[in-house]
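Shared between the two complexes below is subunit A, which has subunit B as its partner in the first and subunit C in the second.
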Partner chain A sequence: MKNKCAPYLLLLPAFLLICIFKIYPVATTLQQAFIVDGHLSLGNYQRVFAEKTFWKCLEVTLKFNIVTVPLQIVISFLMALLVSNNIKGAGIFRTIYYIPFAVSITVAVMVWSLMFQYNGGIINSFLSIFGIPAQGFFNDKKQALWCIVVLCSWKGCGYWMMFLMAGIKNIDSSVYEAAKIDGASYPRTVWSIVIPLMKRVFLFVCVANTSSNMLLFAPMQLVTEGGPRNSTNVLMYEAYKSAFRYADMARCAAIVSVLLLILVAISLVQFFALGDHDARDAKKAAKKAARRGVIA
Partner chain B sequence: MKTANLSASAARLHRKAMRKKYLVRALHYFVMLLVALITMFPLLWSFFASMRSDVELYKYALPFSWHTIFPVEYTFESYRVVLTELGFPRAAFNTLLVIAIQIPFACLINSIAAFAFTTFDFKGKNALFAFFVVSFMIPGEAVTMPLYQMVNKFGWVDTRWALIVPGIASGLQLFLFRQFFADVPSALIESARIDGASWTQVFFKIMVPMCVPIYITAALMIFMGEWNSYMWPLLVARREKIRTVQIMLAVVKMEHITLWSCMYAGAVLSVLIPVALFLPLQKYYVEGITAGAVKG
Partner chain C sequence: MKKLLSLALVVMMLFGAVSFASAEKEEVTLVIISQAAWNDQMTEMVDLYYQETGVRVVLENYSFNDMLNTIEVKIGTGSEDYDILMVDIPLVSSYARRGMLADLTPYFTEEDLAMLPSAAVTASTYEGKLYASPICNSSQVMYFNTMLLEQAGVDLSELQNATADNRVTWERVAEIAENALQVLDPDHSLGIIGMDFQQVDRVYQMNQLPNSLGGLQVDETGFSLDGVLNTDAWKTALTWYQDMVKKGICSRGITASELPNYFYSDKLLFMIATNEMPANFVKKEMDHWDCMPSPCFEGYEDKVATPTGSWHLGVSAYSKHEDEAAAFVKWMTCTEEATEKFYELRGMLPVYATLLEKLAADENTPKNMKIAISESQNTAYPRALTPAFNEYSSVINAVWSDTRNGEDVDETIEWAIEEFEAQTLKYKN
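Up next, the complex of A and B:
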């Protein structure tokens, strides 16, 4: 339908708000990252790249993601398989699996950090049953990062499961019947039929999950403060500290932009690994990738 | 004789198959239950731990026994402390107030923009839509620091404005509304127009009533997002008078590190509200967020 001003008027409030609160801050980041003393320069990047801290943070960030993303996707997929059939009571279990998603990151961190306490923490109580001595967990530089992985996976898997389950349900049931008639075993059916048919959903979950884990730093801010000995100091936390502890916005902007660049690069790799090599499909996948905003 | 033999072996085979089927099913339930237990454990543990004294929590941690998990003496002292001394009700009120203001504005602004996209043809439609899609591909966390600078310039830090306004417009919600509105038959709108209905009437009398589910999804998304949001309020709402639930919990965690049972009680109280809301409405949420990821 045609109407000269109505559509623009309807779009105006949303457009303005997004420009002010989303686009403008991004522009500021870029400006702060690339401009030194009023001149276009790569000085901020040179400064950041020369730091040892930056490389250490990058290492921690990548280590964290290389473990967390595949782990969460595999667990979520197995959980989705577990409750996506029509077995009696599956609905109740599904609901239970969603619950941690409704728990805030603050609460998750608080509860898990109490459970992971060295003295009097419940996990050390459990370990004592098997004769394992008390572990340091968040206070141990070898364990702290993996404790955060556990915490995030506990909170996150139910959420990613929602998408994977929707993907499984979207597969036509005749596909399963055909596989059954052909005598395919269950693992075989899942591996050669279900997974390939769900490529798109997997792509979406991969991209969205990577993005949310790359930018995660609430657990570090709340429990470990990047420690012990920088073992959980991810790039995003370093950027946060730059801005709010060292009042160095330029460094913060440089780090955030590097992080975003890495994110875009990883997403592209995932597109090529998982996506159909078709421009239109890539565009659609990009749209799907965009939906990650839910988590923020 | 021969037939009897055959049918006997057939029966045996059948019994074997049945037994295998039951075994698989039992195993399936067992695994589902196990995952449910792991999922629920931190919350159940918090629930029991919140009803006992810190002394007891500490005393029964080792060696592992029944009372490591279950209280010897039930006490609601920690709930009293959280509800009276630590200011939970005030924080809950602050959070609900922000949500109550944000929901109507967000629903209206995002849905009228979506309405513009589905009902009208206008110059720059595709470009504008791409603008909104791109805007929600930018992760919220990445703009936190520059957004803080800007909000600071407005003089909004430590006011409710900072909590409410930046979250109103959302490309993601616009996208969801658009998908839903697109399914409303255009003939319906055309006939209403012919009958002399104004655009305002078309929107409020046809679109809104027909798309109630997506409004529920949108409202639920805002509720969950705002109730659980931590990083942003941490930066802009530290004042006790306006601080939100998550900030209150973080303060308890940082400043009263020894009040274990109070932390557990705070966790339980703060999880109760979103879970109570999420469980009955989960269908809307799951359908809303997965629709795009699965169908593209």
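Up next, the complex of A and C:
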């Protein structure tokens, strides 16, 4: 009896904290989203779905994530491959790549906004050497979102690199040796051995990266304020403005719950696409075999 | 029995001593949500108040935007953490409507209110009750860098002799700035700006352009921009401003918080700014400046409109020390001693009648203050009267910002009308 209870008791503090700080706020938000003037209603959703701004924000959010998530994962993976080599000085590069993550988002945003500044920013000064006219960057509706993608990737890649690097290091060296004996080239080894063996790590990075980018709005708040012309206005920033600038908690709750649904849906797709099907199939087969055995 | 009686006496004595000690300990401390930019001056004011009354007032400072958000979040959700808040005048009705401010009517006598401008009292009154009291007023002045303009060979007398009845036009200012830039920074490598607005991209200062062409702030319902933005006044003002940016006379990409620094560091020729700027010039050791009244558009000399209205103090509806908080608000805004001291410290246009009269009559009153007094009495144009002022300012700020960034003016106007319509739906239902 004691042994049976022990695991649950050990899990209880974490479970309680999750309930208080995660599940309770989510439940309250969902409840708020369905209440209009004290009655259960879909009014908040009707209002939000009727707004052009909401659809524009949704478009921006999806566009931002569709580009940022794969880009960050590819860059992080390439960086992880580089720093996983057992060559002299790899540790220094690992640290250098990781440093941007240690910089606060506010500082990073300020630094990049100075670099991207229209008047006298270092990037425009550099471009002028080649006779390229000054670019609007954060002030141009066609460029602002991509400037934020650059900023976020600069800051985030080092962090995701650490997980991928741990995954690479976790692969048994005998697998590499076997590939080498078989005469596989480095790209072939990476493609046919490293990537398939890191599916679980990729799944984690993919889900965690999508969640963090879906909820990101600090650069939009600090530099562009969602502009120019809503081109960087992501759903999370719109929700923030609703709650803290317009004191419209119901609209905020409706937007946040839609965001939550999208996030859950994307995560499920990612689980399905990147999940360990072989392991699952093996488990199923084992169960079937066991059942047959019992029947026999 | 005797023992019991003496024990009871001792207990009573101890009880009395404890309650006396706790009564002595109970000292009222008021907390203000305040602007970080005003910290130095407000600190001196609360120290002075402590010396006079023994009531301690603590400042909790925020940047402009954060302060507005904090008020929305904390006071809007009934927090008792604050007693007094700084209220931007267009937000008084919005806060009062949502029950965030305490009624100050019982604390202000008719004599008190007679010392404040009636426009300010009206703006801080909601459904017949007074919810805030003005701490200062604001008016706009055009400052110019005399050193740079002289270097560019500009004859300053035209600017220095400009008066409210004989204003320099916006077109002429643009011409002077353009010519001066050709001399001072022909290839734009020094990053000198011709002219700009201290609060660039913000509704407060930018709207003076359409207002000076006869444009309105918002329609009479307060919830629509249709028939307001899609008018000649607004289109002309936005197009003119966009041309100024395209020509490199006005800046692009510099924020309102950065722009005054360009003036202090000789990178800006003309700057429309609030009347208290000279206090900052002294701090930054910038001594080569002069000022003139806000320009007008050619052919619209009689339509000059200058932004007005500034900060008020209100008492939180959730304050546990409403009487003490109201007393501080009254002292700060409605006594000659405090208003004079605050003017001395901050240099903002005061609202207290006797002080204002004194300044207007005094020959030694600085030029910027004389201009501000005249503008506040003759060309002051109130901000949009709408309970949806937060939504209004977000949309109009975006209009100015997008126009500055080269977006099509007509499309921007169309977008803004639709956006404001959507944002204010919640008020209409």
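By our rule, the second predicted complex is superposed on the first by the 253 of 296 C-alpha atoms of A that agree within 3 Å, B and C clash if a C-alpha of one lies under 4 Å from a C-alpha of the other, contacts with A are read in each partner's own complex, and residues count from 1 in each chain.
Just so it is clear, a residue touches a chain if its C-beta (ideal position, glycine included) is under 8 Å from a C-beta of that chain, and two chains touch if they have at least 3 such contacts.
Keep in mind that what you see is a predicted model, and the values were worked out from it rather than measured.
Novice: Of the two partner chains, subunit B (first) and subunit C (second), which one does A:G120 touch, if any: first, second, both, or neither?
Specialist: Touch partners of A:G120: subunit B and subunit C.
Novice: Using the superposition on chain A described above, determine whether A:A166 touches subunit B (first), subunit C (second), both, or neither.
Specialist: Once the two structures are laid over each other on A, A:A166 reaches subunit B alone.
Novice: Can A:N209 be said to touch subunit B (first), subunit C (second), both, or neither?
Specialist: The answer is neither, since A:N209 touches no partner chain.
Novice: Report the partner of subunit A that touches more of its residues: subunit B or subunit C.
Specialist: Touching more of subunit A: B.
Novice: Could you look at A:F138 and tell me whether it touches subunit B, subunit C, both or neither (first, second, both, neither)?
Specialist: second
Novice: Once chain A of both complexes is superposed, is A:Q32 in touch with subunit B (first), subunit C (second), both, or neither?
Specialist: Touch partner of A:Q32: subunit B, not subunit C.
Novice: For A:S76 in the superposed arrangement: first (subunit B), second (subunit C), both or neither?
Specialist: neither
Novice: Considering only touches as defined above, state whether A:N65 meets subunit B (first), subunit C (second), both or neither.
Specialist: neither
Novice: Quick check on the superposed pair: does A:F244 touch subunit B, subunit C, both, or neither? Answer first, second, both or neither.
Specialist: both
Novice: Please report the subunit A residues shared by its interface with subunit B and its interface with subunit C.
Specialist: In subunit A, positions 119-121, 243-244 sit in both the subunit B and subunit C interfaces.
Novice: Can you tell me which positions in subunit A touch subunit C when the two form their complex?
Specialist: 47, 50-53, 117-121, 136-141, 225-229, 241, 243-248, 251
Novice: Please name which positions on subunit A make contact with subunit B in the complex.
Specialist: Against subunit B, the touching part of subunit A is residues 1-4, 6-8, 10-11, 13-18, 20-26, 28-29, 32, 79, 82-83, 87, 89-90, 93, 95-100, 102-115, 119-122, 124-126, 128-129, 154, 158, 162-163, 165-167, 170, 200-201, 204-205, 211-212, 215-218, 221-222, 236, 239-240, 243-244, 249, 252-253, 256, 259-260, 263, 284-294, 296.
Novice: With touch defined as at the start, can you tell me which subunit C residues reach subunit A in the complex?
Specialist: It comes out as residues 68-69, 72-73, 76, 98, 191, 251-254, 390-391, 394, 397-398, 401-402, 404-407, 412, 415, 418-419, 422-423, 425-426.
Novice: In their complex, what parts of subunit B are in touch with subunit A?
Specialist: Listed in rising order, the residues are 25, 28-29, 31-33, 35-36, 38-40, 42-43, 45-46, 49, 57-58, 61-64, 68-69, 109-110, 112-113, 115-117, 119-122, 125, 128, 131-150, 165-166, 168-172, 174-175, 189-190, 193, 199, 221, 224-225, 227-231, 235, 246, 249-250, 253, 260, 263-264, 266-267, 270-271, 274-275, 278-279, 282, 286, 289-290, 292-296.
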